[in-house]
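Letters A, B, C, D, E and F name the chains as they come in the text, with residue numbers starting at 1 for each one.
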Amino acid sequence: MEILKYIGSFFVLLGSVFLFLGALGIYRMPDVYNRLQAGTKSSTLGAMSMLLGIGFLQPDWMVKMIVIIIFIAVSNPLSSHALARGAYRAGLSLFQKEKIDAYEKDYKSMEDKEL
Amino acid sequence: MKRAFILLLLVVVGWVLADTFSQINFGESRMGDIKQQETVGAYYLNNTVEKLSVANVVTAIVVNYRGFDTLGEVTVLFLAASGLASILYRRKKRGEHDVMILKNSSQLLQTGAKLIFPAILVLGAYVFIHGHLTPGGGFQGGAIIASGFLLMFMAYKDYHVSHNVLTWVESIAGILFVSVGIWGLISGATFLENILGTGTLNDLVSGGIIPLIYIAVGFKVAAELTGVLETLLNFKTEK
Amino acid sequence: MDPILYNKIISVGVYGSAIGLILIGLYAVLVKKHLTKIVIGLSIIDSGVHLLFIAVGFIKGGTAPIFSEKGIELVNQGTAMVDPVPQALVLTAIVIGFGVTAVALSLVIRLYRHHHTARIDHIKSLKW
Amino acid sequence: MVISPVHYIALPLLAAFLMPLLAKVNRELVRIIPGVVLTYLLFVSVVLMQRVTETGQPIIETLAGWQAPWGINLVFSQFTGFLVSLMVFMATLIWIFSYRFKKVDNEPALKYYILFMMLVTGSVGVVLTGDIFNMFVFMEITAIASYSLTSFYRDRDGAEAGFKYLLIGSLASTFMLLAILLLYTQVGTLNMAMIAERMHTVPVGMKVTILILFLTGLGIEAEMFPLNGWAPDAYSQAPSPVGATFAALVVKAGVYSLIRVIFTLFDIQGAYQYLIIMGIITLIIAEFAAMKQTNLKRMLAYSSIGQMGFVLIAFGIGTKEAVFGALFLMFNHAIIKSLLFMSGSFFVYNSTSKDINGMSGIGKKFPYMGFLFSIGAFAIVGLPPFSGFWSKLYILIAAADESMLALVAIILLVSIVEIVYYFRVVAKLYFGKPTDKEVVHKPTFGGYFSMTVLAVVILLVGFYPDIITGFIHRAADTLLDKGAYISNVLSMGH
Amino acid sequence: MEMNIVLYIALGFIGLALILGILRFIKGPTAADRVVALDTMSVIVTATLALLAYIFQRYIYVDVSLVYAILGFIGVIVLARYLEKAL
Amino acid sequence: MIFNIIFFSLLAIIILAAAIYAVVQKDLLYAVIATGVISLVLSIYFFIMQAPDVALTEAAIGIALTTIIFVITIRNTSRREDEIPVNKEPDREEETK
């Protein structure tokens, strides 16, 4: 059982580090899309590994933790996707000088179909 | 001048509150020993398990000891829904359709919503069915289910919940709640009295009428909040 | 660290944030002119009051008043349970607060529809 | 099923939850059901009042099977019973008055009747309950119904008045919540009798803070002086049956809660003086404001505030005679102000404007309505053959007994102001030059009926005050006997 | 209560993360940035509540975390749809 | 102990900062997002003070339902606190008596 404790502690620590990095990302990154990237990817990973770690520390809780992990895994990308789309359609420009805006063409064609 | 007066008022209010709460020690038990008299909190903690077999004492208070308050609370929500509908009521012009959302959302969100929606419903049902065992209860479960419908409203342009269905669910759940109370009255006990057997602690079926009431409250709250959302989303002011 | 001092600091933190919320909300209600802002102020006041309720019911080292298996075990070990009554009251109060907020916002929408503004200094039919 | 006080709450709630379904069956049911419920409640009131009068003991109903301090209980004593019966009686008449309300539009009618019934239930619940937090919940039910009903009409500034009311009302509820919280930390219970019993253990400073919080919170519903800014707007913008309901029920519930808190819960002497002072300020400001009004409904609203100031003064004197006078005045005010609102709203409908000047000569066109309004006006200023005379007289006697001669002088002075502005309206009704506007709205049969009943009650009580004074005497006794309240409620628990 | 050095460190990181979140929230500059901050904070809170449940050693507390996991994103979607001018 | 103090004061700072921001900010949408943040931190508070029931309630309505009703209000009214009023006569609907 000791070994589970160590694994769990490691995952909790890792999770907290990733959560922190995610927050640092949204603080330091230059524009909203980058922040979104950092904020959601890193914090999703962080939350998931922290929950996994708690599951290892307390093996009885594992089932519920996995349920939460699945929920986060499904819901977080959705929210970040919707947000990116919202930000784009609200007219926020990208950070780079010479933009490579691959979404623009899709977006234009989608406008016609009103997807 | 006016602003100075308001600031003065704020300072006075803040000072009075701070002064008063400095006399109430944080984190100190006030239950057992107030002037050597038992407080209601201590009574509930000491008696709930043996008398009601309900694990969650907060639920026991909300639904049984102070069940009348919960009836009032449900009524408040019902009134808020009715009042909101009456405030925002307008007759529809001929040929006017309900427009809730202007644009459809992306394919991804639609699929995701379809995927998550049942999970939210199950979670809501879980929260109000397990109200007497775990944190949560009818109101929270109902709010969660309403949030699920909110997700569907957001994802689909033409997602509607039938007004008829909402009315039926709401009314029947409300009638069920009051009838459970009146049932106690008819069977010779008092209003809302726990007349069923209470079962054993930490069983799913325990606590007599408490899960029953929480299920009714859950359905009622879910229907009411969904109705509120629909009313609000349907209302558009032209700018 | 001195436990009494520690307790003081924690209580300043909790009560302070609750009272601070009340005061900030009160400021918004009294000073701000936009109706939506006023409603936001009301909901902030509500949050502060709810926090005060829970803070008053809290017992140091206590646990939630739920007698699950773990809860019974903790109580047998001598852990106190926090006061359940304020929690029950707050549940009711939160629901009522939500109802009032919903009604208030619908009134804001209707006022805007009539007057084409949501600022009370532009709405002049009645005296404020 | 034995008739018990819980019927006052349970049946209207059942009916309210049922009404959206029944509205689908038949449109007319929406109008009928509240009346059926209210009539049944009137019957309940008669039965319970009889029982209480016979035994002399209050009926204490435990709820959910938990005895007094642990659960919530309802107290139907001679005092609360009197108020509840009055409220239900007035509510029934107002229902008859508004039976054909919103005849065309079915959907708003449904909401209106639900909200109206809940307004009645909330006010009745405030009076009946024996638990301080439960009182808060019922207060909020009343309040939310009031906000929605105030802004019911779309063609007036109802939403504005409603928002104003909501703003002040939710601040009030915040203060009341804080007061309840502090009280709970000090005495560890929410039952009012238990609180009263343990109140002597609370330190004085804390007691004063809690009392001030309560007074601020409850004073708003009771239209006490600095907190009554909502009232004139709400009264004048709400539909007229709702205005009558405010005057007859909601304010009564507010005053009741204030009185219950000061008389039963707390044992601070200064509170009585505070009531007198606030009452005087409320009275003077409201009556002078009423004199300046040109809008009839606003004038009635300010007059209503003034009367509440009067009630507060009388309660503040605190002797048995004064409390008797105050209860009598509450009774009179409920009846007379409803009559004034009903007939006044009819004038407003049929005149060129809402102004008092706009309704000149309208009494000649509608002699009967003018007659009813004049009865109300004469009664409320306290002219001898009407019921308002007796209550004013008793309060004056009580004040003189306590040798508060300045108070007597103020009351008489303010009465003159009152007479001036009411007579101005009455004179305008009869002696003004009639405007040539067509009759738009004839009152319905229900309107005639309820107004006539009210006028008859006014005259009857005016000529034979004995038919009501017995009840009021016993109610005043019950209110002042704090020990009996505590022992009655708590003996259920031991 | 179960406290060891790992949990202290984890909570410390979480506190710092929350502070950074609120800083980004206040700095803005656009609405989308603030919503990103809210989103990140709600994920952090989800994890934090589970961790606190472990610290208090009560299994039933996890329900709150569950509710946050499943509802936290709905508020963000509402705001995103508003920014998209679809609402 | 020191750690607890730091953690509590962090929470207090966050919640007060969000509240002040909600009041001061002129853009109402930002204020609404700030109430979301307040609700998040509030629910941590409730959780720490052993009130999971209340934390669950706050989670259930604070995050989604409150946000949506505020957002709908903003959609139907104005988004800026210092809006420029449209000079139009009050707009009334006729009433059926």
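Note that a contact is a pair of C-beta atoms (placed from the backbone, for glycine too) under 8 Å apart; a residue touches a chain by one contact, two chains touch by 3 or more.
Values in this document were obtained by computation on a predicted structure and should not be read as measured data.
Asks: Among the remaining chains, which ones contact both subunit E and subunit F?
Replies: Touching subunit E as well as subunit F, we find B, C.
Asks: Compute the centre of every chain as the mean of its C-alpha atoms, then state which one is farthest from the centre of subunit E.
Replies: Between subunit E and the rest, the longest centre separation is with D.
Asks: Looking at chain pairs C-E and A-E, which one is connected by more C-beta pairs in contact?
Replies: A-E
Asks: Measuring centre to centre with CA averages, how many angstrom lie between subunit A and subunit C?
Replies: 30
Asks: Could you please state the distance in Å, as a whole number, between where the Cα atoms of subunit D are centred and where those of subunit F are centred?
Replies: So the centroids are 36 Å from each other.
Asks: Hey, how far is the Cα centre of subunit A from the one of subunit F, in Å?
Replies: About 24 Å separates the centre of subunit A from that of subunit F.
Asks: Quick check: how many Å separate the C-alpha centres of subunit B and subunit F?
Replies: 19
Asks: Using the touch definition from the top, which residues of subunit A touch two or more other chains?
Replies: Within subunit A, the residues that touch at least two other chains are 71, 75, 78, 82, 85.
Asks: What are the residue numbers in subunit E that touch two or more other chains?
Replies: Where subunit E meets two or more other chains at a single residue, that happens at 11-12, 18, 31, 35, 37, 56, 58-61, 63-64, 66-67, 70-72, 74, 77-79, 81-82, 84-85, 87.
Asks: For subunit C, write out the residues touching at least two other chains, lowest number first.
Replies: Residues 10, 14, 22, 27, 35, 52, 55-58, 62-64, 66, 68, 71, 85, 87, 91-92, 95-96, 98-100, 102-103, 105, 107-110, 112-114, 125 of subunit C touch two or more partner chains.
Asks: Contact residues on subunit B for subunit A in the complex?
Replies: Within the complex, subunit B contacts subunit A at residues 103-109, 112-113, 115-116, 119.
Asks: Show me the residue ranges of subunit B that touch subunit C in the complex, using the header's touch definition.
Replies: 3, 6, 9-10, 13-14, 17-18, 21-22, 24-31, 39-41, 44-45, 48-49, 55-58, 61-62, 66, 69-70, 72-73, 76-77, 79-81, 83-84, 87-88, 133-135, 137, 139, 201-202, 228, 232, 235, 237
Asks: Please output the residues of subunit C touching subunit D within their complex, sorted ascending.
Replies: Going through subunit C, the ones touching subunit D are 22, 29, 35, 38, 42, 45-46, 49, 52-53, 56, 85-86, 89, 92-93, 96, 99-100, 103-104, 107-108, 110-111, 114, 123, 125-126, 128.
Asks: Enumerate the contact residues on subunit E facing subunit C in the complex.
Replies: Touch residues, subunit E against subunit C: 1, 56-61.
Asks: For the complex, which residues does subunit B have touching subunit F?
Replies: Contact set of subunit B toward subunit F: 56, 58-59, 90, 127, 135-137, 139-140, 143-144, 146-147, 150, 225, 228-229, 232-233, 235-237.
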